[in-house]
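What follows are several structures.
Across the two complexes that follow, chain A remains constant while its partner is chain B and subsequently chain C.
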Partner chain A sequence: MKLHIQAHSRITPISAYAHGELVLNNKENLTFNLFGKELYRYLTVQYPKFFKMDELCQLAFLGTELLTSHIDHWDGEKVAIVLGNKSSSLSSDKRHYDSIADKNNYFPSPAVFVYTLPNIMLGELCIRHKITGENTCFLMEKLDAEFMHTYVKHLFEVELYQYCITGFVDYSDNDYVAELYLVSSQNDTDTPLSQNFDKNFNQIIF
Partner chain B sequence: MEIYSVADNITSPLGLDTASNHAACRKGVSGIDKIHSSVYYPEPFYGAVLKQDLKKALSGSSESSYTFLEQLFIHSISDALSHTSGLNKQRTLLVLSSTKGNIDLLAKDYKGTISKKRIEMEVMANAIAAHFDLLHPPVVVSNACISGLSAVLTAKRLIEVGLYDHAIVTGGDILSEFVVSGFQCLKAISDEPCRPYDADRKGVSLGEGCGTMIITRNKSLAKNPRELVRVLSGSQSNDANHISGPSRTGEGLKLVVKRALQHAGISVEDLAYINAHGTATMFNDEMEAIAFDAIGLGSTPLNSLKGYFGHTLGAAGVIESIITIKQMKAGELIPSIRFQNMGTTKPLNIVRSIKTISACEYALKTTSGFGGCNAAVVYKNV
Partner chain C sequence: MEELKDNLKAAIIEALNLEDVNAADIDNDEPLFGGGLGLDSIDALELIVLLEKNYGLKIENPEEGREIFQSINTIAAFIERNKK
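Entry: the complex of A and B
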């Protein structure tokens, strides 16, 4: 089965790129809280739920917006998400621990606790993009392209998916990266990219 | 390629091996108790934790260099491996599932000596792989409450593509103040031991433990061939509905069950038994009943094991798969403990007392979790 990378995005504390082209520079060195909001406004998205998400989910959300802007419609059952992550939901985990540190001032909050799992970011992407296929979160030190390629390729072969969002999203103490790839079994026209999806897929030079 | 589960271990409040856990379930013993300890929560609550004697039996001499969760993993893997022969470590992968890993290391008052680096699950998994002299970097999956089944499916896939011949699939989570306070603030914890599918169910009871399955393409690894089953098929999905609650209509669950049956090449009538998720929250159990009814599984014998183990989160898919396999092999289903009156709008055929079944060729294991995810696996008796 021939698989293509149709789109690619990358967000770091320095900048946001889509398909190798600069979208937004963080020239004022804003914290993610501010840079993320600036990017959200820049993308002219209307999705108020964005403001309820924790940083990890916001980061995955923004990266995926950059990735899927050329898609008008897809059959959600034929779309999968397979992401790598290193720090789990560390930022929300710390927030939850802060709320229970003092037995005399105990205030755990559902709005924080529901974000204390790394796969919640995949759940948010599924809701946003009506994706009902497999969603799996692997924890890894850094993007293991060979492993992800093997897993995603097999998934396409056995489950007959049309699209898969894959890559690596990680957020910890204001260091962060979202590096996402839209892989497709279809050779659609008018896609931002048309690259081979192979075990070196993360070496796309941009 | 045929993929088998050849050996296993359950380490839980009910015992330190599969046989003792299965025996406890058969006798109707539950690991859930009232817990009076501010280590977990300022007020008493119901949950399933390992008692001191079991903890002591686990730790041995490794106490100082491994966390409690790591000790669970190490014990569980060692015992499961002892039921195999001829496993080539060079062709073996560790697939580990957990929702919160060593989250207790992040507590402000943590006083232990284990490096905080082990909060990162990949670092923890590496320490465990090193303990067993495994050569390949472990694969860690964290998909909320479906993590255990995700790990089984991941292992199956990576063996199928030829990367490995065998996988040690291990799922574990501990009870911690982090998790208890979180479920309490969601008002999801029952004020009595949980009662899956019952009309008066009031929510979950949380549990801790670890389950390990040795999954392989080579069935001769089994020391006891009577333990063999095939991991036949499986699938995963998302409801795309809500991050902390299931779809009301069970869309994602219907999808995974249909796909798992399709991949297995069998129909709903072929399933002799379903081990469902059955957390005993209002929404989960109702959603499952709607989904199973819609796909024609309303009369298939079904139970939840949460009343015995509590909800063991990242371990649940593995622990409950192992008891599913034991029931298939014994031809005997265990009652869904504390179930009295049907509490879902669509009927389910809940197992109420020990039930002998003449043949159990195919059984279905399902799970659903936070983030809207669902997973299903079909096991085939050999």
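Entry: the complex of A and C
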């Protein structure tokens, strides 16, 4: 089965790119909290729940907005998400720990606690994009393209998916990266990119 | 009582991360759930924590919470009734 990369997005503390084109520069070296909000407003998204998410989820959310802007409609049952992540939900874990460390000031926040798992970012993406296919998050030091390629290719072969969002999303203490790829079995026209999906897919050159 | 309601609105906006919502946008009688604020079940839990943290009031019974969290007016009335 021939698989294509239809779209790509990359967000770092320096900038946000979609399909190799600059979307927004972080010229003022804003923290993610501010840069993420700036990007959210730049994309003119209307999704108030964004502001309740932790940084990892916000990062994945924004990367996926950039990745899927050309998609009008898809069958959510035929869409999968397979992501890699290094720091898990460490940022929210620490925030939660801080709220329970002092026994005399013990007020754990439910809104923080719900984000103390990296899988939650998958859930947020599934809710936003009505995705009900497989969603999996693997912990890895960096994007392991060969492993991800093998896993995603297998998914397409056995489950007959049409799309898979794959890549690497990581956030830790304002150091972050979201590098996402939209892989498809469809040979659609009018897609931002049309590149082969192979074991070196992360070496995409624009 | 009006000061209490204003303080409540400010605390709720901050605790629930209600971006782009100002205290003046929330009517005292407006339903907090199922209305324009778009609050969910996690927000309800967060409100329970807020009442305990800011006012020392515990809500043990979820059914009781349903009535208390109807609006700013009902929360303020609950605080007034139970303040120590």
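Here is the rule we use: the second predicted complex is superposed on the first by the 205 of 206 C-alpha atoms of A that agree within 3 Å, B and C clash if a C-alpha of one lies under 4 Å from a C-alpha of the other, contacts with A are read in each partner's own complex, and residues count from 1 in each chain.
Note that in this section a contact is a pair of C-beta atoms (placed from the backbone, for glycine too) under 8 Å apart; a residue touches a chain by one contact, two chains touch by 3 or more.
Since the structure is predicted, the reported quantities are computational estimates derived from the model, not experimental observations.
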Partner chain(s) touched by A:S109 [first = chain B, second = chain C, both, neither]: both
Contacts of A:P13 with chain B and chain C, given as first, second, both or neither: neither
Which of chain B and chain C A:I131 touches, first, second, both or neither: first
First (chain B), second (chain C), both or neither touched by A:L139: first
Chain B versus chain C, judged by how many residues of chain A each one touches: B
Set intersection of chain A contacts, chain C complex versus chain B complex: 108-110, 114
Touching residues on chain C, where the partner in the complex is chain A: 15-20, 38, 42-43, 45-46, 49, 52-53
Chain B-touching residues of chain A, taken from the complex the two chains share: 76-77, 81, 85-88, 90, 93-94, 96-97, 99-101, 103, 106, 108-110, 113-114, 116-120, 122-124, 126-127, 129-141, 144, 147, 150-151, 154-155, 158-159
Interfacial residue positions of chain A with respect to chain C in the complex: 37, 48-49, 51-52, 107-111, 114
Chain A partner contacts - residues on chain B that touch it in the complex: 38, 42, 99-101, 103, 106-109, 119-122, 125, 137, 139-144, 150, 154, 157-158, 160-161, 163, 177-178, 181-182, 184-186, 235-244, 251-252, 255, 259, 263, 369-373
